[in-house]
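To start, the structure under review is shown below, and the notes come after it.
Chain naming follows the written order as A, B, C and D, and within any one chain the residues start at number 1.
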Amino acid sequence: MGVVQGDQMTLNIGPQHPSTHGVLRLEVMTDGEIVSKIKPHIGYLHRCFEKHSENVTYEQVIPFTDRCDYLASMNSNFGYVVAMEQLMEIKVPERVDYIRVIMGELNRIGSHLLALGVYGLDIGAFTPFLYMLRDRERILDMFEYTCGARLLYNYMWVGGVSHDLPKDFEKICIGFLDYFEPQIEEYNNLLTYNKIFVERTADVGVIPADVAVSYGVSGPNLRGSGVKWDVRKDEPYSIYDRFEFDVPVGNGHFGTLGDCFDRYWVRMLEIQESVKIIRQALKDIPGGDVHQALPKKIRPPKGSIYRRTESPRGDLGYYIISDGTPVPFRVKMRSPAFTALSCLDEVSRGWMISDVIAILGSLDIVLGEIDR
Amino acid sequence: MTVDMLIDWFATIGNFPALAFILAVVISGIPLFLIMALNAMIAVYVERKVSAFMMDRIGPMGQGPGLHAGKWGLLQTAADAVKLLVKEDTIPDSSDKFLFKMAPYIIFIGAFLGLAAVPFSSTLQVADFNVGVFYIIAVGSIGVIGIVMAGWASNNKWSLYGAMRSASQIISYEIPAGLSIIIPIMMAGTMNLQELIQFQSGSVWIVLPNWIIFNNPFSFIAFFIFFISAIAETNRTPFDIPEAESELVAGWMTEYSGFRWAVFFLSEYANMLVVSGLAVAGFLGGWQSPIPGLFDTGAWGLFWFMGKLIFLIFVMMWFRWTFPRLRVDQLMHVCWKVLIPIAMVNIFGVGIWKLIFG
Amino acid sequence: MTSAEIIAAIENQFSEAVIENEDMADHQVELDSAHWFDIATFMKNDPNLSFDQLECITGVDPGEDSQLQTRYNLHSMEYRHKIEVVIRHDRENPKVESIEQLWRIGDWFERETYDMYGIIYEGHRDLRRILCPDDWEGWPLRKDYEGQESYHGIVVPKIKEEEGWE
Amino acid sequence: MSRYFANIYDTVNTLWTGMRITWRHMINIKRDNVTLQYPEERWPRPERNIGFEHENYNIIRSRLHVDIDDCIGCLKCERACPVDCIHIDTIKAPDRGEDIPDVKHTGETSNGTKKALVVSRFTIDMSECCYCNLCAYPCPEECIFMVGGPNSSKHPIDYEFSEFDRTDLIYQFAKKLNTEQKENLQNPKPEAEA
């Protein structure tokens, strides 16, 4: 395992470790507490998503996309169906688009809540984690109400969604948002403004904008570095161009631009933007049949497509090659967490072990998506 | 006092001083151990419930009398204790077995000895030293030897990190703790805990009891510095970096399991009791009633002392379930750049205060 | 810039680099593998192109008896335009210059493509398998891949036979 | 110097804010509690009052169930399954002969379709199932479904079907035929024809 120089020590963080967010192994070279090099070893959760996809039909890929990013399955579904619909040139009914946006944004809130809560846990604060999970639970309840599953939904289909919104969903959703918005203030008071939390995160693990772009870091991590890039705004898909929302970027409020706090803070702001989007979508949602555009048989024309969407973790791209059969020729998933993890080594050099945990947490990786 | 009283009593029976001494120590040691065990059991239960309530949970609910159908999980800690006792005792192959086995005892001894000098009431105290404050501070540091031993003997990198962090942390935080506890000593002019508490009788500023914390602004600040340092010395959040479960898995306790781990646990809670006891005796008037002259006699002393103690322990729990954890260098920063300078200013301040008003 | 303009700009600089291919869609361009690193450097640094983000690297195996492909999706944060570059490799000895040092994410993407297709990226500083174990045999996403019989003594289960199950 | 004290003030202030929040939650635990005492209390829990009625759910993803009497053996669910956890064997009986007790392979489904095949094996390995519900959509007879929710009338909800042995998670829905019966179906005896 490499040559250990002088006073350096190799420390294995993982594969079983409380805060690697899954089965990730980090081979850390340390000099005392100071980290001099990190070698991430991934692949412990490799489930052959891409190989699998080549052996099942297009609709059967969707359950597998669920299992890649298991914290934001709706968004994984969303990316896949958007790419497929673009490949097959399907126009979905308005209502389907609205439902998808609502579900996607709800899932974004849920995923961010977990990311923020677990981040607090990494830093050592236990209570915010449970508050956030408590509220995420209500989102999961709504998902269960709609599609029967709490985590792995298989809800969005090519050309539609599996079920229409259930009775009173709008009312329940508005009720949740009304309940949820004041909670954000509480999270902020409990965790965000907490001086210890700020000290632990501000100025730590700075990713400068050019490094972030070069590493393909995307989503809240990239916006935390001050780059205003959001696929929902810049390459609008579905009906995101109809909604009014801001793209929050980090501003280095407590420290340097692009530090852990900025990434955290961008997520917190994004939750509020998602709430805005959901409110608009719930107001405008038209009626109609959600199954009307479902193709009888999914048999896309020959060709290939690369389409990215904004998942809670960043640019989630699907590269789909079709050879005209009902079985995909190649499905490649460009996972945002994969790129985010790749910059861990460069970002965390010179920081302490505690900071490595903080940086890793701020990148909000999901190992299921990295290893696919 | 108990030990002295027992020795005196044995002296009335016959002349066997050596045996009398041993008997007295053993007889007074057993209740101490029971207090320790009972404290750990109750504190663990309370901690679980407090943490649960703060997190909108309800905590353990089974395991009461009649097990699963039971009430409020009252027997949860007893069940835990049984579980820990019957658990397999694992010792890593490559560990230093002698030190590995020794470490829990050393830590235990540190906590146990500290408890001996805690004045639970005006009469209930195992050993009434004339240097009680100094004694508690001194034996409180024994624990760190055990922690370093545990960390080293485990032959695990996480344990080693935890031990090193713990050593540096406890040694650093001894200083502000010591500097702050000097203030009651300065004001009362004694290191004897009972005399210190007696000094705090009566009232000050007309309405407030004459506790040292209320005596002057410097001692008010000194109490908080002492309390913060005390939390750091007991390795609790926000200063729990030696065990830091999200970073170091379990720090210096990583390789321990079963009963040895239970001993660590016991000692942690006993330590909380000791440092809180010192804080109560030094700053909060010990067994004095908050309303001077009222409910001040006999068993009430025990009641007030335990009440204050439990309140401080609750505050420690409250801290733990609210705050994130500091980083090593920030921990040192807080100690050396914030607490120690203020503690030193405090000493000057109290000195001047005493010169002018005292 | 549109894709055609980008392709023209590349052709302008490297006259013989762009390979005409009817299979390519509008947003794709096939490039000669020989000059790939130079072209990539140009695409990244040219002020008019400024492809500062490498979105994705996809390996493709179009089937037996055909050449492997690597597809690069490039994107410019500055101009918000994008292009897909296709490079073909010899099947027996797939080799191409690494662009790992231009776009840092190329490091992991190339390792992943190497892992799955066995395409050697020359000049990559740390070309190891990334998702599969280091001692895995074969290139799993190639169409002619056959799974190992056993791995470290563990028998790799075959797809369940219809008979004999229950 | 002022920054030094501002820092200390900031620290105390923000920490105190956080402590107030946890205190508030602690004393309001009766109102705020969200825990479900699982074995004693079960979903849906009325006090929590999130406004969901069991019948209004679109579907609840729990155990798969097959009304084997309605199954016509079309294999659509087997083909739809992405993880191949459904296995169906059918026997094409040229003349279906008498009903084997409990198999009812000659009748009609509740939708009125005439059964043409004898389903001799219908197993679902719930340990492999990924609960995607893809098998339920193509079923022409609506005989394979996830229990509970809107299907409560057909089968009550069952989400706690853990077993000690993995093979117990393989659910057999078809009546198992013995060799003789199989033989009879494949090569019907002349008497049966008569």
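In the analysis below, a residue touches a chain if its C-beta (ideal position, glycine included) is under 8 Å from a C-beta of that chain, and two chains touch if they have at least 3 such contacts.
No experiment lies behind these values; they were computed from the predicted model shown.
Trainee: Counting only C-alpha atoms to place each centre, which chain is farthest from chain D?
Mentor: Following the centroid criterion, the farthest chain would be B.
Trainee: Weigh A-D against B-D on C-beta contact pairs and write down the one with more.
Mentor: Between the chain pairs A-D and B-D, A-D carries more contacts.
Trainee: Taking the mean of the CA coordinates per chain, how far is chain A from chain D in Å?
Mentor: Each chain's C-alpha centroid was found; their separation is 28 Å.
Trainee: What's the distance between the Cα centroids of chain B and chain D, rounded to whole Å?
Mentor: The computed centroid separation for chain B versus chain D comes out at 54 Å.
Trainee: Where the centres are mean C-alpha positions, what is the separation of chain B from chain C, in Å?
Mentor: 62
Trainee: For chain C versus chain D, what separation do you get between their C-alpha means, in angstrom?
Mentor: Distance between chain centres, rounded to whole Å: 42 Å.
Trainee: For chain C, jot down the residues that touch at least 2 other chains.
Mentor: Residues of chain C touching two or more partner chains: there are none.
Trainee: Among the residues of chain A, which are close enough to touch at least two other chains?
Mentor: If we look for residues of chain A contacting two or more partner chains, we find 127, 134, 190-191, 194, 196.
Trainee: Two or more other chains touching the same residue: where does that happen in chain D?
Mentor: Answer for chain D, listing residues that touch two or more other chains: 15, 18, 21-22, 34.
Trainee: For chain A, which residues count as touching chain D in their complex?
Mentor: 56, 59-64, 66-67, 127, 134, 137-138, 141, 144-149, 152, 154, 162-164, 166-168, 171-172, 175, 186, 189-191, 193-196, 198
Trainee: Once bound in the complex, which stretches of chain A touch chain B?
Mentor: 9, 11, 17-19, 33, 120-127, 130-131, 134, 190-191, 194, 196-197, 199-200, 352-355, 357
Trainee: Can you list the chain C residues touching chain A in their complex?
Mentor: Residue list for chain C touching chain A: 25, 28, 52-56, 58-61, 71, 73, 77, 80, 84, 103-105, 107-109, 116, 129-133, 140-141.
Trainee: Which positions of chain B touch chain D when the two form their complex?
Mentor: 50, 52-58, 61, 68, 318-319, 321-323, 338
Trainee: Okay, in this complex, where on chain D does chain A touch?
Mentor: 7, 10-11, 14-15, 17-18, 21-22, 34, 50-52, 56-61, 80, 82, 130-134, 137, 146, 149
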